[in-house]
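Letters A, B and C name the chains as they come in the text, with residue numbers starting at 1 for each one.
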Amino acid sequence: MLAQLIANGIVAGAEIAIVAMSFAFIYSATRFFNFAHASSYLAGAYVAYFLVVVARCSLAIGVGGAVVGSILVGLTMEALVFRRLRRRGASSLILLLTSFGLLVAFQSVISVVFGDGTLVLSRAKVSEVLTIGGARITAVQAVIVVACVSIGGCSSVLFRFAHQGRVFRAIASDPELAAMRGVRVDRAILTIFAIGSGVAGLAGVLVGLDTDLYPLMGLHALLLAMVAAIVGGIDTPAAAGLGGLLIGFAQQFGVWKLPSAWQDAIAFFILIIFLLFRPQGFFGETFKRAS
Amino acid sequence: MTTFRCEALEKEFDGIQALDNVSLQIIPETITAVIGPNGAGKTTLLNVFTGFMRPDHGRCFLGSHETTNCPPHRIAGLGIARTFQDIRLVQQLSVIENVLLAVPRQRREKLLPALFAFGGEDEETRTHDLAMQHLRLLGLDAKADDLANELSYGQQKLLTLGCCLATEAHTLLLDEPVAGIHPEVAGQILDFIRHLKEKGRTVLFVEHDIGAVRSIATTVIVMDQGKIIAQGPPEEILDRPEIVEAYLG
Amino acid sequence: MDYVVHILVLIAIYSILTFSLDLLVGHTGILSLAHAAFYGLGAYTSALLALRAGAPFSVCIVAAMVLAVLVSFAVSIPSFRLQDDYLVLAIFGFQMIVSSLFTNLQGLTGGPLGLAGIPQPHLLEWTIGSHLGFLLLTSISAGLTFVIVRRISGSPFGRVLHAIREDELLAKALGKNTLRFKIAAFAISAALAALAGSLYASYISYIDPTAFDVMQSVLVVAMVIIGGAGSVWGPLVGAVVLVALPEALRFLGLPYAAAANLRQVVYGTLIVTMMMARPEGLVGRYRFERGR
């Protein structure tokens, strides 16, 4: 029983963590709460659905297409909308509001095309149940956990050691200074959007394989990811990822004791507590000092 | 007469000691100039005095009342007004509205009177006349209804002084009042500061312009790397070779 | 004809929401994504008092507004010292929690099924039952809201709000306790949103949580921005455009669900277009884009 609870917590946490890491990654360079990030997640899930269920392609093509689609969505939003607003000196509030508009429009288009109801993407292969240490998880859930750990590990290494990581950190701490030092800020931000959106899209298709698809799943996942990023620390993706694990666990353990409908209220309550008392998150300052 | 003083102020940020054991007293009805190279801690001093920053150690007093941890609006309410290094005005309001904003104790600044008090026009006319008086003193009355961002740089600086005056503060802390100003308008500003002192106000200003300091200051305080390195009348301080050296070196 | 009156009633109710939200967004510079939460609090309070306690309409309205003010204090007092983005998030979190409460406190609110059979309002001698009657009631309320916001914005109190919007640090340096001003503005806007909620509940006579969720909040924000934040008539223009336009879509003969989603596509696109092309809105002057 306890083992199952822990396993559920890890899986739920991993699902949130992947999106939280992608969100925090983009936030670190652009410094606004990008609600449109949910569109990349949605794009991932629904492109995969279209390819696999409608066009009857293989799962591999479905996942590949999902990532490509989500990257395209993210890049388009940055290139056509956010970059222009940024050049005009738009405040982070304007960007926040605009990103909401983009999300609402995109989500509604998905609703129009695919309908409001839930769609099923999962295949028999991925629903195969594995038993690990007394707990049962499905194959795709295992993949989610592995993906989460890999992404977390890669981003830590990237940030700390690779040259590109240093570039990203420079942009995060002072974009103007970085530009003066010759960093091609706009191009770097495009790269950041591509990576972040691709990861979000991957999360979307993986979760879609695990549970059902519905148009609001993007916003729902993003909200939890934002809470996780604040709780863990929005400065580095790794901290946000750890926040995701915490929120996932909190929700699963909370649901054990309270009716499941209260899951989200719990998460948002935690969000407000952190905003008021520890806005840098659990790991925010620690990570900052280390780098 | 309430005297503003501070004891042993310490403030560190970004690894720099911005204030290092600073103690001073502002004598009422004088004009004190604070000079020193960039990064000496002058603006930090103003920020701590006016509650925009908290010192790591040390205390500030207005008379016997401790102001160290008071929020900025409380300190302003105690009669200490300030200007900022970058001109701060409500750009989208008119010149006279900026001054009206500064006038204290307006009944209809509270929500319920704002909604329900009728016949309060008397007070508002009086306030308006008072604001116009202030503007006349600054030579800005003709521009009363122009938007603040339509004024020239020098006129905007004058306006910020006018707002300080309108707060009825007894002590004014000015951050670089003549920086970047055409000499003619600078002269106007300096005259205005002199006039303030004659009206019984106390002024402390931060400046780089030694000419300005020489022309109006009664006391000069020299800061460097967060410490006060000299204090005294301008004739005595400004001709000392080590001060000139610290400044230009 | 009845249909036109119905649209006008909706416009009137939404105007109450937009004018009151504009007090926060356009005049004080606070982006609140929780206006629908107060709208809902007003609606549920009013409905429950009428249904369960048989309270007269005037009592329902007053109770709804008082509750909204009290709840607004519970939010603003702890969180209004937060800056910009974080404040928006905290207010947003509050909206999500309230939505969750509407859906989950089934014993009280009827859960996802909502509350039905909300009685018609009796005011003094009259029972308001017809669409025209409601049009009169809601228009008067909207007019009252307009007058209140206008009076506030033209007063010295309003001048301080505008200063807070432009440069809060300066306002503090001039001796203004900006926290108090922001809390007061939030309370007024919450009370008026609750008024709109009461009117809505007794007009439609049925309420459920989906009418008061975060999307509804975003819609009202969109109306304010599109009309022109901080302007005299902007909130009305925004309400008219965003209520009337989607109704026009209905005449294209689409099935109901698709129409609702197309409406959202329009809202979203309008927000993005306005922000990019004309942030001051259709009739506004103030560009809601000061980054401090």
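We adopt the following convention: a residue touches a chain if its C-beta (ideal position, glycine included) is under 8 Å from a C-beta of that chain, and two chains touch if they have at least 3 such contacts.
It should be emphasised that the depicted structure is a prediction, and the values quoted were computed from it without experimental measurement.
Closest to the middle of the protein, by Cα centroid, lies chain C.
Greatest Cα centroid separation from subunit B: this falls to A. Each chain gets a centre from the mean of its Cα atoms; for subunit A and subunit C, those two points are 31 Å apart.
Separating the centre of subunit B from that of subunit C, both taken as means of CA atoms, is a distance of 41 Å. Put simply, the C-alpha centre of subunit A and that of subunit B have 48 angstrom between them. The set of subunit A residues touching two or more other chains is empty. In subunit C, no position touches at least two other chains. Contacts from subunit A toward subunit C in the complex involve residues 32-33, 81, 84-85, 88-94, 96-98, 100-109, 111-112, 115-116, 223, 226-227, 230, 259, 261-262, 264-265, 268-269, 271-272, 275-276, 279. On the subunit B side of its complex with subunit C, the touching residues are 50, 52, 71-73, 76-77, 81-82, 84, 88-93, 97, 100-102, 104, 106, 108-111, 114-115, 124, 163, 167. Taken in their complex, subunit C has these residues touching subunit B: 148, 151-152, 155-160, 162-163, 166-167, 169-178, 184, 188, 286. Listed in rising order, the residues of subunit C touching subunit A in the complex are 31, 78-79, 82, 84-86, 88-90, 93-94, 96-97, 100-101, 103-104, 215, 218, 221-222, 225, 257-258, 261-265, 267-272, 275-276, 279, 288-292.
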